[in-house]
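Each structure below appears as structure tokens.
Below are two complexes that have chain A in common, paired first with chain B and then with chain C.
Let's turn to the complex of A and B:
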């Protein structure tokens, strides 16, 4: 039964179609969360009520399962008449949770910058925007590339959970093929290999970005 | 070269000094760290072109006083003005002391250059980028012009060949000279030096002091907090001795170092001389 060539030839194009959806979800989640996570991190770093809201948000989204959040978005919103498609619900849930994780990564990066860097910028007459865009954030970005790469890999794997809300990603395509063929082993092996290819590309990309942005070596 | 107030006073044959606005005027600066008062109402006036060296034991408040000038350190009472313009706090129409807003504070800080003990260069920028960043981003000077000026300043501090280097590749003395050039690139009205040689290996101290001495000779108004007594003796127009959050004594270096008026200064200098006598 395993390694039935004819079966694989039919399976692979189907999985690749699912991979398109997976890649779309992962890339959109990353792009949105790179910005959203920074917004949350900066909100948390600003003293006042905004900081508590951001802190509470991070606690809640990090400490509940992605699948629960996904069901809440998918079924919850449709209950109040604002139903989103499976893809949109999955994307929203992925962004809600990973925005929290990304905020924590940025927070670590921001805290790793010495207060003396802020002083040096302010002493030169820099206002907040200039200080952050030319002094602080370039250093933060260089430092958070490794954890962001990790997070991107994690996001890519987490997209598999959208199969639970009927989005035809790699995982859902695999489940459908398993049901119709009963060939569990080949199908999930194929699915796993495609995920591995995707995450390998991200790892390599992260390495390259790390090298490009390295200034202190 | 600028005639300093002290030069003028010391020459009896000079015409009477025209009373000019001081470059720096600090009055009644008071600061607490919790219950501990570290500055007890310090007033200090520095004339244009004057080089003032502040000495005193650790914990006497000299670094804190310097950092209050451009509000890197907040203080609870007192007022500072640079070239007649308030910086940090101002007194409003009703006579109430108010902290400046971010925009006004940033604008006022442009006129005050500061060099830190720990250099604080921007590690992600080359030497040249470190120097031109603020002139371009804060003052809006065109890049070509800012870079030309930066190269002049690098030549002045003897680092022409290092403009493309990153700070991590430089020695402490080189980093500190870049920091001096970076501060000068904003064309400040006054330069503050906060124990700038304290973190350096002894053999690198000289190159940094030489750059500062050149600046003083060129007429830059400066306040130098240092433990380098020879620099104080050779370069200062005036030496200020601080202890316990107060200015205990001030005077010309030759008077201060040979005939101090207070026991506290005599004691401090004796201890210093005992330690460093070869």
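Let's turn to the complex of A and C:
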């Protein structure tokens, strides 16, 4: 029977436990990829073989499914004797894939900065480091906030795929509960609402950050 | 070469899986596009109530992971007694999910046209339908084409999720081969390669459209 209150009271703590895993995965992925994506983007912007490697990496990870990457990490690494736990494999695959997306976001941000900004910095006698940290990057960061917010939402939703490698996130908890209780409506209503809350929090946070960082440009 | 023997033995099975992936993605992309266009039109030209309904739809689709929706429908269909083959069930979910993202691409295409285009058409005395048909839509579609193609890439990648609810396509096919050959690394690498071929070809086409869309701007 749908909307069974007793059932919901037992279900919600279990789902929240799953939510903890989902949030951990999403936050870790986000933190790692913010850095890793920048590294890849800067490598791609540097002329030379590094740029080719970074470009190839971006194309490969963006054009293959996350799920296959997860299987490759989870089952493939254990075959060559470097088995990782489900959580670690999921995190690694999420970072591999989203690093490619993040790099593209940074590339767009870097390209949108006018050449005159670089020239003006150099004309003031700034060193390369100062030029980047005090002129270029603050503008890039302000511009990439909206796409980064979208990416954070998409990462949070993508974490559901770790259920396929037996990590007890919201999705897996929901699956287990549906199979043991056959109460499809309640379980998916609960799981869906938790995901909606998480993604709404991210998009609100993104909007606040956007307003804070908006320059008079 | 011996390490890749399992892959050489089963490449034909994976090819058939890739064929199914393509079939599923093509079956989903048509209704997704139609619904996406419809949603975009309602959002731009619709009345207030209709616009709010579309916004609610977008909020739900963009806030809940596709895997949750797929699993929900997988468990739901037998309960409702709707006699729908699982293939069409997942195709519909994919279509409804991606329609939300496609509508955003089309809406952005329509809204990014300069106001002068609307004014010029009106000043020529064009009736509304003519203005939309020969001035607005051709240009808006050209602008929306690159993000549309990248959504198609995502759609192809997303078909891998249906393997989790037990449908047969490339990812499921490779899982079956892995169970038989116990060579996850090689087989999933092969599957990733096939996905890459499909998605990269699409992405290159998207790049070409992007370059063409910039002509005359």
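Rule of thumb we're sticking to: the second predicted complex is superposed on the first by the 216 of 217 C-alpha atoms of A that agree within 3 Å, B and C clash if a C-alpha of one lies under 4 Å from a C-alpha of the other, contacts with A are read in each partner's own complex, and residues count from 1 in each chain.
Everything below uses one rule, namely that contacts are C-beta pairs under 8 Å (C-beta built on N, C-alpha and C of every residue); 3 or more make two chains touch, one makes a residue touch a chain.
Please read these numbers as outputs of a predicted model, since none were measured by experiment.
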{"item": "Comparing the two partners chain B and chain C, which touches a greater set of residues in chain A", "value": "C"}
{"item": "First, second, both or neither for A:10, with chain B first and chain C second", "value": "neither"}
{"item": "Contacts of A:178 with chain B and chain C, given as first, second, both or neither", "value": "second"}
{"item": "First, second, both or neither for A:139, with chain B first and chain C second", "value": "first"}
{"item": "Partner chain(s) touched by A:212 [first = chain B, second = chain C, both, neither]", "value": "neither"}
{"item": "Which of chain B and chain C A:65 touches, first, second, both or neither", "value": "second"}
{"item": "Chain B versus chain C as contact partner of A:116, first or second or both or neither", "value": "first"}
{"item": "Touching both chain C and chain B, counted on chain A across the two superposed complexes", "value": "none"}
{"item": "Chain C-touching residues of chain A, taken from the complex the two chains share", "value": "59-60, 62-69, 71-72, 75-80, 153, 157-161, 163-164, 171, 174-175, 178, 184, 188, 191-192, 195-196, 199-200"}
{"item": "Chain C residues touching chain A - in the complex, by the definition given at the top", "value": "59-60, 62-68, 71-72, 75-76, 79, 153, 157-158, 160-161, 163-164, 171, 174-175, 178, 182-185, 188-189, 191-192, 195-196, 199-200, 203"}
{"item": "Residues on chain A engaged by chain B in the complex (per definition of touch)", "value": "114, 116-117, 119-128, 130, 134-135, 138-139, 142, 215-217"}
{"item": "Residue ranges of chain B touching chain A (in the complex, touch as defined)", "value": "70, 72, 102-103, 106-107, 109-110, 112-114, 116, 118, 120-125, 133-134, 137-139, 166, 168, 182-183, 186"}
